[in-house]
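First, the structure itself, so that you have it in front of you.
Going in written order, the chains are labelled A, B, C, D, E and F, and every chain counts its residues from 1.
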Amino acid sequence: MPEWLNFGLELTVVGLVIVFGALTIIATAISFIRRANDAWQKHEDAQAEAATQKEQNIDTITLLLISAAAATMIQGRFHIKSIRRILPANAQRGPWSQQGRAVLLGSHVVSKKRQ
Amino acid sequence: MPEWLNFGLELTVVGLVIVFGALTIIATAISFIRRANDAWQKHEDAQAEAATQKEQNIDTITLLLISAAAATMIQGRFHIKSIRRILPANAQRGPWSQQGRAVLLGSHVVSKKRQ
Amino acid sequence: MPEWLNFGLELTVVGLVIVFGALTIIATAISFIRRANDAWQKHEDAQAEAATQKEQNIDTITLLLISAAAATMIQGRFHIKSIRRILPANAQRGPWSQQGRAVLLGSHVVSKKRQ
Amino acid sequence: METLLEFLNNGALGNFTWGNFCMLVVGGFFIYLGIAKDYEPLLLIPIGFGMLIGNIPYASGMSIGIYEDGADGGQASVLSILYRGVTQGWYPPLIFLGIGAMTDFSCMLASPRLILLGAAAQVGIFLTFIVALAIGFTQAEAASIGIIGGADGPTAIFLSSKLAPHLLGAIAVSAYSYMALVPVIQPPIIKLLTTKKERLIRMRPNKPVSKRLRILFPVIAFLITGFIAPGSINLLGFLFFGNLLKESGVTERLAATARTAFIDIITILLGVTVGCSTDASRFLTPASIKIFILGATSFMIATASGVLFAKLMNLFTKNKINPIIGAAGVSAVPDSARVCQMVGAKEDPNNFLIMHAMAPNVAGVIGSAVAAGVLLVTFL
Amino acid sequence: METLLEFLNNGALGNFTWGNFCMLVVGGFFIYLGIAKDYEPLLLIPIGFGMLIGNIPYASGMSIGIYEDGADGGQASVLSILYRGVTQGWYPPLIFLGIGAMTDFSCMLASPRLILLGAAAQVGIFLTFIVALAIGFTQAEAASIGIIGGADGPTAIFLSSKLAPHLLGAIAVSAYSYMALVPVIQPPIIKLLTTKKERLIRMRPNKPVSKRLRILFPVIAFLITGFIAPGSINLLGFLFFGNLLKESGVTERLAATARTAFIDIITILLGVTVGCSTDASRFLTPASIKIFILGATSFMIATASGVLFAKLMNLFTKNKINPIIGAAGVSAVPDSARVCQMVGAKEDPNNFLIMHAMAPNVAGVIGSAVAAGVLLVTFL
Amino acid sequence: METLLEFLNNGALGNFTWGNFCMLVVGGFFIYLGIAKDYEPLLLIPIGFGMLIGNIPYASGMSIGIYEDGADGGQASVLSILYRGVTQGWYPPLIFLGIGAMTDFSCMLASPRLILLGAAAQVGIFLTFIVALAIGFTQAEAASIGIIGGADGPTAIFLSSKLAPHLLGAIAVSAYSYMALVPVIQPPIIKLLTTKKERLIRMRPNKPVSKRLRILFPVIAFLITGFIAPGSINLLGFLFFGNLLKESGVTERLAATARTAFIDIITILLGVTVGCSTDASRFLTPASIKIFILGATSFMIATASGVLFAKLMNLFTKNKINPIIGAAGVSAVPDSARVCQMVGAKEDPNNFLIMHAMAPNVAGVIGSAVAAGVLLVTFL
């Protein structure tokens, strides 16, 4: 058998073993996690609630931001009772998006008078 | 006549000939195509129909995707009769946009239960 | 006092003087401008009107663009009396956005017949 | 007057060759395929127009051409600078970042066993490697040619930029051409290798996948592939990173940019420069012809082995797999999955294979990246 | 205390020059023009702020300045790295890509004869070239100065980065300044060269343009210009490529990115670095003054020749052209077209010239790019 | 068979070290913090995943690793190329461009006196510098470590890339870690240094700020900071330039791109490459431990000095400041401002501190950039 064929076959075997190996391990890991999932489910639901908690929490921030802005404008003569939420619950969170909101808000506050 | 002026004028002539040449040829080509267009028109209309055909075809894909997803959720107990098309006919086609739809779809399927 | 401590303290002093200096000057500048603002206000209002003037002016352009396009389509048989403005007053101005409008417009004109 | 003639002579007209003419025709044909036939237009149109740019003939030495990279002391041309992303191999990982950010792996996570089909389709890579050796290519060249069967443009470009830069143009173009031609190449092979009865097999709809699994997957899959084939981390690292950005739920703004503006920019630059690199004098060679033939072979072997492996799996499982979806293992996301759907729909319009086909489809991307990693560390 | 004083001395205060002061004022004025007068704000504001950055004086050798490119072995400054896109000339083609993706050529396709007006306006480039030779600039310098009359910032930057890098700052700034001042420069010239009767000429509304023509145009136009003036393919290749992405109908996502995020990013980087490059010690020279004067001349000649050529054409056609739109041939898209509209509307508010003016306007972009190609291959 | 084993040996498995393992765990932990705790996910997730990529072990010399920059004549790895934006220091200014385009300075413009709080918080930088000198770091290293107290990732990366490249990984990671941990670090310090009565102080709502002031601010602030500390223009030039794009009202399209696609792209590349640079063999050193401890110190000193300075100011003004907002002077925009809001709300739910806290918050960004400029010119 010529050298190149020999080498080619060897590499083919090694290569396929590695490719199949990698993907098989991934597949196994996935099925394992899926099975484990039911056990985790309970814990997850707990987390989910916590999450909504946090969600609320963030809304509070927004609420405060808005109230603050409003206060800024109306010099605190009135009081905000409720605010309809304009962002979906799963909107981008994270500092920068918050910042983003603040930005919009800020300019909005200003625009009121000047734009 | 000084050398620089000589050279300058020569370049000016050459340059203008080339600029006018290029744009004139373009203009001519365009008018030619415009004239040829009427002849092509018939053929084009034929194509246009074909296109709508294809369009349909792609919608079918979408339809199947959606049905499949629905099936996934309702474990095929019901049957989808008709689906309102949410994308304009001239929406981006091409693999990635398809992919895009699949993505949205996938997450939608999941969100149903988990989000 | 060891050399490094000596150096460290010196740099700290210099650094803080510069940081406080810079920010203090900024703060002073801002308050100065704020005070000057009232004086400028009158002039600003004048400008504001000029701005709306210009705004109008730009709308005129848009109006003409649209009329032109319309004329293109209806071969000038009718006449446009009024056009509802689709862009907010503070939409991006500047050449490219104008260009952008022209683009949309152009393709719109064409699409009418061919798309 | 002489000046004018002389000028035109030094320009395109003077340096015209029939090779350039052929390439211009090919470029125009690519554009036509993209627009009229809607074959992978996002790839074919940039590549096609790039071919036009790259084959306008002119006297060299004016730092216009894509190969005038300033190595000869002259100024590097604009095209050669934009081409660096290809030659230095950093466009492909960035494209994988965007692909990861737009790919939904749930179909694959829902039925892990189908992942193996994505492995099976890589057989094409290695068999083609052997054939390429047989007809006299060097080992590194053969490896770069074989990867065409991976049906992943970025993977092919990345590997050949490292192993066989001089063949990059031909390899990239044939890889993208065949990816565009998937709807033409695959159906006959699928029909040939499957019985009507097999093509009628219906598969159970997938159960939904938990958010946690979708978040854990990119991390775990990266670690596994990275440890087994470190050569693949450049590609898979960015693929799974992009997917984590998508699934994490807290980095949506990054994922959104990665799958829109970012991947679009890189796609434009990659496509047009790869097209430009097909200068006739370098591209129209016997080697290119061989590469195109080998590429086709590679694609067919890959499709066939995917299908056959599905049938093999059916011998050992009671919950039968429709062997059509084995063809999706070649990746070429998501075209080959759509092909499977259509082939299946021909037999039974209510058989929704596409959701199942997406599993081997995306698995195939991982599979060929791992194979590329193996070849990279073997020959670099 | 000494340390503090010494520190401040090594800083801006110690190295202050009146030249810097002037440039800071100019920068502020550019910003004012952009905001208060809305003159090309997308260009003037980045350039203006760049002038502020580039003229803060400081002791060099801290790899802060845009000219500290590490050639002297030191570290390349951030600004010098971002400036490479200008000096290596790859920002302009990328901007042309975006312009192509946002330009609608239908107005031009609807009345091809108006394209010639876009050629006529290029006379300014070559006459200015002669004048520049006359007052002692080298040929390469003269060519780069002449191109200012092309009224295309990217074209001017591209050519001068290749032919006269040392004049790039002055050329770029004057090109953009005059583009911004089009509404001031052109009207008087137009009025001077046309009769009221001519300005009242109404032109027939355009017929719509078929989609096929709009798709074929970028390909054909690129081949024609490429073959005749290969030196222009770097600019026109990307311009027409972008336009094909727009018109093809199947690559809208690429076109959308090219005309938004992509061109915006490059515009920001180009503008601010060009502004930074106007360091007083390099910018405030007799040469710059001459360049500004020549640039103005170039603009006026271009406008005039456009208008006069329109009148010339009217001698040979029965379907008269309103000579006002000849002025749009200088490009400066779409400002000069808007100027034509306004000048025309002064005489007859119901005369819609802008759609017609867009034709020579976009043709002018092509014309000056071709001229740049000619100059490039002649002097490189 | 041997080939296979040998292959695996040359791969990750053969080169595995416990150091890599630790770093992989840390990376996973970062990702967990970002997702589960929502701590700065836009930073922690890219950095965390980068740590995974950077700590997959492999035999070097395959141009995979981020440190294989081709200096040894080999091919530069993709990661090393993307990492250049960090080592050459041009990612940070571009991020500042985007931050400027998304930051609304009106809160600060409405009550200028609060700017001083942003200066006070920089005390942490210099005191930490002294401590770092004390425990044996070189002056340049000590400066780079002190800047962690600036609580600005980009500033810290920019400075250390110039002064102490070998510590960049550790400094960047600790800077971002502590920025993410602001909600954990600051509250106790605030409570410790303030009385309930002080925390209950209500501040007058701000009056609106005129558009003109918002436009003038970036220009004037840049000139002031530039003249006093030229070393800061790379950072502040882009910050204020971005802000001018936002406020000018005529460059909104540029500002919009700068604060979305542009900053997102740079954030992705910066985060993942910084993460990759934490290769265990370089990262797990005594120096890193010290840096983390010093970083924490720096953060605490900064917070404390902000709060204390607020109390100091209250001695001289009748219109009292709520000392809580002094903590926002460390920047870490906008987290620390949110922390102030929460701490204040604990005492009085109707006390809206956040609008006031934004003032020292954004002022802190300017403050630490100026401090960085001082350190840069002192030690470069």
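FYI, a residue touches a chain if its C-beta (ideal position, glycine included) is under 8 Å from a C-beta of that chain, and two chains touch if they have at least 3 such contacts.
Quick caveat: nothing in here was measured; it's all calculated off a predicted structure.
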Legend entry - Mutual neighbours - chains that touch subunit B and subunit F alike: D, E
Legend entry - Set of chains adjacent to subunit A and to subunit D: F
Inset, instruction - Check C-E, C-F or B-D against A-D and flag the pair whose interface repeats it, over half of the contact pairs matching by residue number. - result: C-F
Legend entry - Euclidean distance of C-alpha centroids - subunit C vs subunit D, Å: 44
Legend entry - Gap in Å, rounded to a whole number, between the CA centres of subunit E and subunit D: 39
Inset, instruction - Could you put a whole-Å number on the gap between the CA centroids of subunit B and subunit E? - result: 30
Legend entry - Inter-chain centre distance, subunit A versus subunit F - centres from mean C-alpha coordinates, in Å: 21
Inset, instruction - Could you tell me which residues belong to subunit D and also touch two or more other chains? - result: 7, 38, 41-42, 210, 228-229, 249-251, 253, 260-261, 374, 378
Legend entry - For subunit B, residues contacting two or more additional chains: 11, 14, 18, 90, 93-94, 96, 115
Legend entry - Contact set on subunit E toward subunit C in their complex: 3-4, 7, 36, 38, 40-42, 102-104, 106-107, 205-211, 214, 259, 333-335, 338, 341, 345, 352, 354-355, 358
Legend entry - Touching residues (chain side subunit F, partner subunit D) in the complex: 7-8, 10-13, 24, 28, 31, 34-35, 38, 41-42, 45-46, 49-50, 52-53, 56-59, 62-64, 75-79, 81-82, 260-261, 264-265, 267-268, 272
Inset, instruction - Over in the complex, which subunit A residues touch subunit D? Could you list them? - result: 4-5, 7-9, 11-12, 14-16, 18-31, 33-34, 37, 40-41, 44, 90, 92-94, 96-97
Inset, instruction - Could you pull out which subunit E residues touch subunit B in their complex? - result: 109, 112-113, 115-116, 118-119, 122-123, 125-127, 129-130, 133-134, 139, 210, 212-213, 216-217, 220-221, 224-225, 228-229, 249-253, 363, 366-367, 370-371, 374-375, 378
Inset, instruction - Could you please specify the touching residues of subunit A with respect to subunit F in the complex? - result: 10-11, 13-14, 17-18, 47, 54, 61, 64-65, 67-69, 71-73, 75-76, 93-96, 98-100, 102-103, 105-107, 109-110, 112-115
